[in-house]
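Below you'll find the structure I mean.
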Amino acid sequence: MQDVLSLAAQNLLSPIVLFFVLGVGAALARSDLTIPEAVAKGISLYLLFAIGFKGGVAVSNNGIDLTLGMTLMAGVILSFVLPFIAFGLLRWISQLSRTDAAAVAGHYGSISIVTFVAATSVLQSSGIVAEGYMVAVAAAMEAPAIFSALLLVSSGGKGRMDGALIREILLNGSIVLLVGSFFIGWITGAEGMAKIEALIVSPFQGVLCLFLLDMGLVAGRGLKQGRAVLRPGPLVFGMLMPVIGSCLGLAFALIIGLSLGGAVLLMVLAASASYIAVPAAMRVALPEANPSVYLTLSLGVTFPFNLTLGIPLYLAMASAVHGG
Amino acid sequence: MEKHDAKRVAIIIEAIMESRLRQALEGAGVTGFSVLPVLGGSGRSGSWSRDDTVSRGGGMVQVICIIRPEKLDRMLEAAFEVVDRHIGVVTISDCQVLRADRF
Amino acid sequence: MEKHDAKRVAIIIEAIMESRLRQALEGAGVTGFSVLPVLGGSGRSGSWSRDDTVSRGGGMVQVICIIRPEKLDRMLEAAFEVVDRHIGVVTISDCQVLRADRF
Amino acid sequence: MEKHDAKRVAIIIEAIMESRLRQALEGAGVTGFSVLPVLGGSGRSGSWSRDDTVSRGGGMVQVICIIRPEKLDRMLEAAFEVVDRHIGVVTISDCQVLRADRF
Amino acid sequence: MQDVLSLAAQNLLSPIVLFFVLGVGAALARSDLTIPEAVAKGISLYLLFAIGFKGGVAVSNNGIDLTLGMTLMAGVILSFVLPFIAFGLLRWISQLSRTDAAAVAGHYGSISIVTFVAATSVLQSSGIVAEGYMVAVAAAMEAPAIFSALLLVSSGGKGRMDGALIREILLNGSIVLLVGSFFIGWITGAEGMAKIEALIVSPFQGVLCLFLLDMGLVAGRGLKQGRAVLRPGPLVFGMLMPVIGSCLGLAFALIIGLSLGGAVLLMVLAASASYIAVPAAMRVALPEANPSVYLTLSLGVTFPFNLTLGIPLYLAMASAVHGG
Amino acid sequence: MQDVLSLAAQNLLSPIVLFFVLGVGAALARSDLTIPEAVAKGISLYLLFAIGFKGGVAVSNNGIDLTLGMTLMAGVILSFVLPFIAFGLLRWISQLSRTDAAAVAGHYGSISIVTFVAATSVLQSSGIVAEGYMVAVAAAMEAPAIFSALLLVSSGGKGRMDGALIREILLNGSIVLLVGSFFIGWITGAEGMAKIEALIVSPFQGVLCLFLLDMGLVAGRGLKQGRAVLRPGPLVFGMLMPVIGSCLGLAFALIIGLSLGGAVLLMVLAASASYIAVPAAMRVALPEANPSVYLTLSLGVTFPFNLTLGIPLYLAMASAVHGG
């Protein structure tokens, strides 16, 4: 416990968390600080490019592990199953309609790549290594949850899924860039890394700070608009669900035999909620669901929770349980 | 300068629906339209601004279509099918065009 | 397709005044509007372009508001109070809307 | 609120021609206009999108000009000379303006 | 004198000044070279982030100095007082109306952060260190001048100041980012610096070159549009006022006992004129004032003057007077 | 031959080529991956800034060579002459109209700066140095071809060239930035380089990857729209013409006595086709020409050909012939 707290305290004072807090504060104080849309998109492209490539290079350096296939499958199962748990929990502790609950549930099966990146950098500063292919697992976990969410409402005749939407989901820009960079990193290996290292390794943490500043601004503005959503039920859900997800993630990690770092990352993926891919899919497939409910919960509650308390907590949990 | 009567249809719709609207318009034989960015706005579903979203799904666009009056109804039906369940505004106004041979 | 008469008000105003205009509109009970970017232009105060300014204060935006005819005057008065001493253009035109229940 | 009749001319034209159109308008004594971005569109020459070009030459812009009715024809002639051989759409519609002294 | 000239010559041939000149030249030759708005904003966010953070880290390394409070106060006083001097001077040597003169005067009380950054890098290449908290002083000097400008016109019934505007001025994005980064740098100290150094230290000069290119383009286009403004009176004002400001800044610095570097920076802050925060505030509060007057003077005359001749001059002045 | 193939294979597996391929693949699969316009423009400004500056520094380090003037002249002649060859070839092997053929021809006289940069980095990883002033030659070759294209159609009364257009062509943003940075690099030399190296040298390859991803996306989308254009005739032209150009470039290089690296770069300049400056000029001066013909050929066929096979081929050719 002592350990979790000190880890959490240390995490809370890291630049990335502080810049997130700055963003939230600026938004709540109604400062006009904004990061232009094109710059924010450019930064997110950079992050996907960098972590995909680094993951691929790691795989190229360490060779492929027998656990790769199993971890991918675990990720897909988690993404598919978590929404059902989330839906049950939500219907139990909140007054959300079926449609809204299903839409929210879909977000919690999917993942937040920035939470993943933040966890990676916490691992790094603790000197813990993780399987390089975890970014591929992240990519694999983006979409299945969307199908679960639509299954959850299909009885009510709602939720439209067509070929165009399936293609959009599976080939959305973030996935393509992440997976593409992963394979290019894998193919070009250490030699490729030597060429582009100066762009994707050393400045990474600094760029991440700027991105978290932007996420803080967006989350803060979302919180101001969406405060009506934040009744006790949904609020509790937004902090309980990630913990439940992380436990399931940990269970899978132990079964598969992932390293400590890998276990933490799988927990973080299970614990985090989407705020890019899934909202977009929901607007198309389930326009009746209220976006401010799912955005406020995923970006305004769960993301900050994971960033500040969740990651150290999952690391402590995994350390306690993991054989070594 | 010779002018010809036409209709100007302006559809404000979520950016995420743009490709579907484009397809519907092309399916209805609409030969030309332009897409303009929208920075923000306000409506029954609250107010929004392009800079307040990490996601590309949050914004809206305005599709403008200059069309011969006789083609209007077919176009509106095609557009309506896409807009239907979604938020968005469809307006029609009268205008005149130069170079009508182009439409 | 059923259409309903409405007014389309377009206000070109300095970006820096946008939040004040938004507030004035909301205060006047205007239920919906959209904000479009403007890249540049020319007027009595000279010509400008969005790329020619280090400052955010230099640009303009266009606020478009589709409104029921009976609400027009109240809206114009609210808008005018903001535009009043500032540069900017306010135009009103007739249009028709689909889905009038939404306004 | 006193309103004055005016014409609203909207010209969608390639961005690369914008400076020439600006000059032509100024040459014809047009005292004010605004330039709006266009993200993409479709026409006889195929469909395009602003993100699909390495070159600045690929996009279009919309020039909007509110003008006194009596000045319309002179303006259209000036604009037409620039648009003439190029792709683009010119529309004219009726509108009303506040603060007509400014035009 | 010899020394000033050689310093000025060396400064004139530095990449940042040459890129500014390239920008002005391109604009005057009507090249279509432009930096997209989002990129320019992104760069300016980067600069604020970097100098704020570096300042904070410097304070964390060197501890807080007794002079901090006094320097902040000196900055606020300078910002508040300079507009009155500027106003008097303008009414004396130019034909500007009261309103225009007041608006211009407000700009000269406030500051130009890029001039500050350029001065910092001149100090750096001369091996002179300055108090890290000078960026906080810069932030503190942005706003007071705006109130002075509005005081100057208030007798005429012009100038509208309301709560919303005051909040906008005090919480404008640049100030929030600069001060926020300063505090985060202070809190995270050397450890935080180690994490993001690769982004904010080594590439800084290069990014500054691109930003000055953009400023050159904007200043050049502004000069072309605003040449009507450049009658002898305002022109002389645009080069005399910064020198007056710098003398006042030097006096304060000597009284407070700032280091040589700190003295130069306070002089530069006093000498520089705003072209972002104050113009925006003037458009809201004093729309009758002609923007092309104040923008042409501040960005087209005073900024280039400071960048090329002013900074070396102030450094020479301070060196001559400063005890060591 | 063996050598060419192994070089080509190695080139095909470099990160920059793989990212281009990723972009093309994503576009053909209709992924919504896009790089925002402002970011793409920002990156291209960065590339021009970096290569211009580096070229200038190289000239400053190595001094001016007697061959500079001759190479510039050779570039201008190549740019002026190549369109006539291209026009003849096109009229012979394709059914393009005079107007379309002339417009296409203009593109092949001019150059692609990204192909040039890609060649530079292939040279670099092969340890071959080239004359620093080759970037100035690149700039000099942009425009002359446009005049040739207009000459080719002038008999038909088409093609409008006026003073404004000539200024636009000669002072277009890319040329001004490239040449300006070149001179600033020349003036500030090694000292200037030391200041901005961290921005323009080490991260360069990584940024280039992102840019080629964007070019792949644009080229892929262009290919999908323009497939109608790709009849056998134009397709053959798009791959034959660069080889012809490179031979002419090699001949000039041998006559002038350029180094091996310089020879390869001159070949690449001659072989590459414009897709920025010339299309823009053609839209103004020759709006009757169909843009999808010239863009599909230059960006969809010749650019990928040069990037993947052309550059290694030209290097092999030059190595075979070059004295030392």
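Brief remarks follow.
Order as written gives the chain letters A, B, C, D, E and F; numbering starts at 1 within each chain.
Please note the rule applied: a contact is a pair of C-beta atoms (placed from the backbone, for glycine too) under 8 Å apart; a residue touches a chain by one contact, two chains touch by 3 or more.
The chain list, named the UniProt way, goes like this: B, C, D = Nitrogen regulatory protein P-II.
Quick caveat, the model's predicted, so the values are computed rather than measured.
Least step count on the touch graph, chain C to chain E: 1. Taken together, chain B and chain E share the touching chains A, C. Chain centres here are means of the Cα atoms, and by that rule the chain farthest away from chain E is B. At the interface between chain A and chain F, under half of the residue numbers involved are used by both copies, so each side presents largely different positions. Per-chain Cα centroids separate chain B from chain D by 19 Å. Inter-chain spacing, taken between the CA centroids of chain A and chain E, is 41 Å. Among the residues of chain F, those touching two or more other chains are numbered 32, 34-39, 41-42, 203. Shown for chain D are the residues in touch with two or more other chains, namely 36-37, 47, 49, 56, 93-94. Of all possible chain pairs, the ones that touch are A-B, A-E, A-F, B-C, B-D, C-D, C-E, D-F, E-F. On the chain B side of its complex with chain C, the touching residues are 12, 36-44, 47, 49, 60, 62, 73, 76-77, 80, 83, 89-94. Interface residues of chain C facing chain B in the complex, by the touch rule stated above, are 1, 3, 6, 8, 22, 25-26, 31-37, 61, 66, 93-99, 102. Chain E contributes residues 36-39, 41-42, 45-46, 49, 167-168, 171-173, 176-177, 180-181, 184, 187-188, 192, 195-200, 203 to its touches with chain A in the complex.
Here chain C touches chain E in the complex through residues 14, 16-17, 19-20, 45-47, 49-58, 85-87, going by the rule given at the top. Chain A makes touch with chain B in their complex at residues 34-37, 40-41, 44, 164, 173, 214-215, 217-218, 221-222, 225, 275-277, 279-280, 283-284, 287-288, 290-292, 299.
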